[in-house]
Amino acid sequence: EKKPEETVTTVRFVTWKPNQPEVWDEIVALFENENPDVKIERETGPHSSTAFHDLLTQKLKNRSRDVDVFFMDVIWPSEFAAAGWAMPLGELFPVSERSAFLDGAILANTYDGKIYGVPLFVDSGVLYYRTDLLKKYGFSPPETWERMVDQAASIVAGEKKEGTGIYGFSGQFKQYEGLVCNMMEYILSNNGRMIDPVTGKSDLMEKASIGAVRFVRDRIIGNVAPRGVLTYQEPESLDVFIQGKAVFHRNWPYAWEVSNNPGRSAVAGKVGISRLPHFPGGESHSTLGGWQLGISSYSENKEAAWKFVKFLSSERVQKIIAVKSGKAPTRKILYGDREVIQANPHFAGMRDVFATAYPRPRSPLYPAISNILQRYFSKAISDPGSDLEKEAEAASEEINRIVALGR
Amino acid sequence: MKKTVFFLTVICVVFFSLLPFLWFLDTSLKTEMEITSIPPVLVPDFALDFYRSSIEHYNLLHYLWNSIIVAGLSTFITLSLSIFAGYALARLRVKYKGLIMGGLLTVSMFPQISIAGPVWRILQSAGWLNTYQGLVLPYVTLTLPLGVWIVASFFRELPKELEDSAKIDGCGHVQTLFRIMLPLAAPGIFTAAILVFIYAWNEFFFALLIMTRQGYQTLPVGIALFQGEYSLPWGEISAASTVATIPLVFMVFLFQKRIVRGLSAGAIKG
Amino acid sequence: MKLNLQTRERIFAASLIVPCFLFVSVFAFYPILYSFYLSLHRIILTLPALGQKFVWFQNYRQLFQDRIALHSLTNTLIFVFSSTFFELIFGLVIAMVINRHFRGWGVVRAAVLVPWAIPTVVSSQMWRFIFNDKYGLLNYIAFGSDVASYKAWLADPLYAFLAVIAADVWKTSSFAGLLILAGLQTIPDELYESARIDGANAWQQFWRITLPLLRPALLIALLFRTMDAFRVFDLVFVMTQGGPADSTNVLQFYGYKKIFAEGLMGYGSTISVLVFLITFVIAILYIRMIGSGLIQEKT
Amino acid sequence: MAGLRIRNLRKSFGGNVVIRDISMDVPDGEFCILLGPSGCGKSTILKLISGLERQDSGEIFIGEKEVSELTPKERDIAMVFQSYALYPHLDVYENMAFSLKMKKMSGQEIEKKVRDVAELLEIEDFLRRKPKELSGGQRQRVAIGRAIVRSPKLFLFDEPLSNLDAKLRASMRVELAKLHRKLKTTVIYVTHDQTEAMTLGRKIVLLKEGEIQQADSPSEMYESPANLFVASFIGSPQINTVEGTVEISGKEIYFRSSAFSTRVEEESLREYSGKTITIGIRPESLMPGGGPLKGNIDLIERLGSETILHTVVGGSRLTARILSDTDKESGEEIAFSLNAKGVHFFYEGKRVGR
Amino acid sequence: MAGLRIRNLRKSFGGNVVIRDISMDVPDGEFCILLGPSGCGKSTILKLISGLERQDSGEIFIGEKEVSELTPKERDIAMVFQSYALYPHLDVYENMAFSLKMKKMSGQEIEKKVRDVAELLEIEDFLRRKPKELSGGQRQRVAIGRAIVRSPKLFLFDEPLSNLDAKLRASMRVELAKLHRKLKTTVIYVTHDQTEAMTLGRKIVLLKEGEIQQADSPSEMYESPANLFVASFIGSPQINTVEGTVEISGKEIYFRSSAFSTRVEEESLREYSGKTITIGIRPESLMPGGGPLKGNIDLIERLGSETILHTVVGGSRLTARILSDTDKESGEEIAFSLNAKGVHFFYEGKRVGR
């Protein structure tokens, strides 16, 4: 009677609570069907990236045997690689295979020349807008941030006259990782930079960087966006948008599905999507987000684990995910797939967005760096009277000190 | 006139004490629409949707079960140890009694952060992260001072003559403890048990560090990390919070006298 | 040979205390020392390759240059002082109210205990909900249905800080009240009767009798609350995560972030030690005062 | 200084009647004792007089003034509590000065008054000590000093000596008596200790369950108790009581009980012929050395200056008290005669005759 | 049953010497009283005897056996505490049965013993009540019953009556004396109440600061106190003491003090000629009605059966006690003669003569 245990390997998959649990149930069932010798045991963590990170890293620090396969946010592979938590995939995931994936996504999984994760889906910031309102006031989707702010302001004023309370914009500005994503988009699109990719030193004090931050502080927070955005993560900001209380909304692609779902959204069918605006003279840049699959170095079932990772990242499964839960796939080819595009018409124009999406600084010390960035941005944008140069300088010093630690 | 002012103060105090809880209770019984409505709906729909949903989608029952196990075990172990140590410290010749009591008191005041790292490492090397014992052991440690102090202070209040009498009647130390002291200190022990239970039920910091697997997380951790996709699931949060709070509210209403006594014994009498 | 009676008692007593002692040693005293040991090292969990390097007091030097740490310390201190201050005031009111006997007295006392009993995480969520910028009760109370002027309380550095204090004061005033009540109940009625006959009115009775006699109880409540306020974590974790702009960052939360989120075990331990030292000093004060309080009681 | 007049005072606490219709007069300057068993309402009467509680009905006059509507402050009285009720956080001087400060008296005046009283009570040396640094007797003095310093119209004492040990109590008792002689302020003094009552009071008001049983001078009360309760309450060892019937045999009147029979010289008993009455015999009125009461000695208590004989006479226990020692031993027979001075008769609780 | 022998007992608590070298013998069956002021070490001696504390040095024999190394359990004694120390969670029956159960006696035997004792003490009716449902006197009885039921070798009583009120105390005292007559077990009885000591004990051991002052029968102690402490401790009102010098004038011996001078018939004083001695006069030995002690009455306390006169004689306060009332009033003059029986002389604290 011991037999079934001997033949069936259990792969423990640490995931977060998915948007559509049924899609994942289906995928796992499919896998288990095809591989009767492997059983998938899922453990779901919190949906918040930070909380999920804390949970996962504690398991890994613990060398816990109950992790085989796990999700990694796009910023984690360096950390996980340096810490020795994620297994280098090397031969299993040869260069030839990698070329089928989006370049930015592969880059994000590379640390010190080795690859540590397989990108499963990508995210990047996009701008949602209310087609009905823009049309009503005769606007087209804004190219620059200035335009967006102006459009938002006139729409808010116009709607107010008609007695409808509405905000101009909602995004994610709480002191957490998402704040770094949002702010990076402003900085990059002003030709600024947060961290020098070569030296790892801070570039926050550059004029362009500071200018972008100042714009957010003076023109967005408390103006077109309510001050409440300072407490918003994705769910809260999306909530405002789908309740019809915001003209523009910055979010990840997943919001498309939700905001067009009449069961959940008050603005279904009235939502448009476009690239993020930029500053005059800059170029639109989104922050690369997305989730990777990694395998724990401490896993006792690496073979079965890889089997599962390979299955999940395969074209057909990515397609299922893309079609059924609206996540943007990492395999380039799927952006030409009819079914995918049919289910997610907005993907058609997004391939470029994804292709040019910019990863956040890659460093095993990124969590510490990110905390400094979060602090700096939060401080900078929530206090209208703050001395940005001074704050930036202080933050830079700290970042440089942290970076020096790793040397 | 004086009376009116007094009763107004009483009403104010009671109102403010209960308001947030009642508001959350109210919220948990509303529907999704009612939660966000302005002006707020006072009389809810009494829909139990959020309870159902927090059980089905948010593992509420798991959290509840874990909390019961962890708090129950901690209470049991802490009290067993407290009875022995409390008796010895209250009644027997012990060297450095003051030092021991003072040391215990200091422990109860340790900020969690100052021991968190090492405790975590100890549990890690024992392989006890994400196990019940992994959380119960620190809880026992942190609640022991409280338990010992309260139990000892109750023991100390029992007349010394009773014990002398028992000894002359032929009891050894152990018999004296179990046949005479224990039954008499039962109210004190019960008091300590309530307080320890409440502590363990409410503790968050260590639960957050040690219980990283959802299957082992306790209610506070569950409630703190509740997060949905589209909006914060306030309905579910309030439902889970109500579930976490109701037992305590019951305890408070049933045992308020003991709790007050225990707290002041722990604090003032020391 | 038979052991001497007293020796036997000593051995028995020791055997009762040892288990308790073991727990406390392993999970409290040893960790404190270990924290100190760690704080003298550079340990970065995410860079195990760097190993565990002994760096003397470098971490401490760094700590005193760490703006955020100092800021968190300031926040913590302000938080501690303001929350304990208000807790004592409200605690005094609560104590005076429940010190009287009237019908329904038990219910009132229990109601007052409710905030104390509620898990901090839950009360944090409650207050976060009450302070919500879109449908929070506070906004409704302050602005009615005028949704446009609703404030995002937790988005404002000052308001967020006040909100955390308010939540803490709400939760722990009743505890302070109970400690003060214990002191109130030791004041014999005769003193008030005597004062009335001596011609003191209610106000004079309060200032000249109640307050001076409550001093020990107030001090104890003060210290107890101070110690506890230093450990604030749950509130910040749930309500603000230290934001906005670090306005609610406190030492314990900062240390947690350093050790467990950023993996800076060595540096984070420095913060652990700092927090410990601060509370230890207060604890010593506290124990001394209890000690002298006890002596006073006996004579 | 002023007398006290109380008329038809009633007070109940939540349905529980504690004072039922009490009237009494205390002339100016008198030392009046309220005596009675625990719970009989003594403290309550003081509280009503002082205004700490409000009576349900009845009137209280201090001097000529009806004070029921006045606050304690306005009644101008002083009270000394059993627990002294010294303010623990104030030193002796401040304790004594407290009420004067409340009256907004000038510092100099206060200083003078306090010093005078401190001298009178011989507590000048510890004016700067806190109450807890004083002995019981010293505390008691301070409490009294605090009362005196105000020169009130009326002193109320609520068992001021009962926290002291026997010796100190005896000496404080004497001091109190002398103090009163000096100050001549009206005093209402509560106690449940009969020795205190007998020695201190000009007049004793004996209470039971909120009713006055007898109000009289100490010796009157001992020698002519109004009823059985008074007779039993006053006197130690307690009065011996035996039930029996009155029998008339010609000119002579006999008291007959199962324990003994004796002829009595009490003409007023004649009308109770055949009825059941109670005889009360003070222990010192049982005189050994032959007589109609024959019994056995059960136990002898030798107290040095006096001897108590516990005897059984015809089944009834009788206690006798003699001033000398006796050569008898337990178990021996003994016979008593009665000294009419300490013999009383009660019919249905009330005293009969004389 | 057994006697008690103590030899050179010493005990200190943390440097504070509480018992200094005490030796005493209590013959089998005797009722021995340990008397002394509070804190003199009475309870400590009982604890040493019972084995609840261990002496620093010295030996304790119960019967012929040295018990120092035995646990309380093995010493076979019973103890009654001031607070009764009844187990509140057990009913009367269980309280009494407790020690027998500990001895693993059979249920039947226990039942019989408990019933017998309950009958003896007249507490059969509330065997099923919990201690808190009993009155003070009943509790006291149960506590005694619990001690008796074991038939121990030795009874230890630690102020068993001091929690009772005066009346109950008096009657329990009598009962205890009778009970001892019946059981004849050796009793060591601690009290600080001299009345109790005088009435109950065959032998009183008077302690002060851990040392025996005198061990004697009650009347011996009253009539021949070994020293000034004993003389002052025993007797109420307290003995009057006056310091003075001895003067020899031919055959006659005079005691002269600033207060008064009187001739004394005490030959042994001759050798103290010119030295300062203390005279002690029992209050009842001051006989009013003319004599060498002339003074004024300060205060009269009339206690009904006796009268206490507080007087000042030549600057010294003297208290006299007379059995009758007096027609004198405070302030009047009075003169006393001395009754030699109650007059003692002390030189450097020790008694001189007779």
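Which chain is which? They are A, B, C, D and E, in the order written, and residues in each are numbered from 1.
Everything that follows uses one rule, which is that a residue touches a chain if its C-beta (ideal position, glycine included) is under 8 Å from a C-beta of that chain, and two chains touch if they have at least 3 such contacts.
Here the structure is a predicted model, which means the values were calculated and not measured.
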| item | value |
| --- | --- |
| Shortest chain-hopping distance from chain B out to chain C | 1 |
| Of A-C and A-B, whichever chain pair has more C-beta contact pairs | A-C |
| Centre-of-Cα separation between chain C and chain A, whole angstrom | 38 |
| Rounded Å distance between chain A and chain D, as computed from the means of their C-alpha atoms | 92 |
| Chain A and chain B, separation of their C-alpha mean positions in angstrom | 39 |
| Centre-to-centre distance between chain E and chain C (centres being mean Cα positions), rounded to whole Å | 56 |
| For chain B, residues contacting two or more additional chains | 36, 209 |
| Chain A residues counted as touching two or more neighbouring chains | 54, 58, 61 |
| Contact set on chain B toward chain C in their complex | 6, 9-10, 13-14, 16-18, 20-21, 23-24, 27, 35-40, 81-82, 84-85, 87-89, 92-95, 100, 102-107, 109-122, 137-138, 140-142, 144-145, 148, 173-174, 198, 201-202, 204-205, 208-209, 219-221, 223-224, 234, 237-238, 241, 244-245, 248-249, 251-253, 256-257, 259-260, 263-264, 267-270 |
| Residues of chain B touching chain A in the complex | 36, 124, 129-130, 209, 212-215, 225, 227-232 |
| Chain E-touching residues of chain D, taken from the complex the two chains share | 166-167, 170, 173-174, 177-178, 181, 195, 198-199, 218-219, 222-223, 234-238, 282-284, 298-299, 301-305, 308, 310, 321, 323, 325, 330 |
| Complex contact set, residues of chain D against chain C | 47, 50-52, 71-73, 77-79, 81, 83, 85, 87-89, 98-99, 102-103, 132, 146, 150 |
| Footprint of chain B on chain A - complex, ascending | 19, 43-48, 51, 54-56, 58-59, 61-62, 64, 66, 234-236, 238-239, 242-243, 258, 264 |
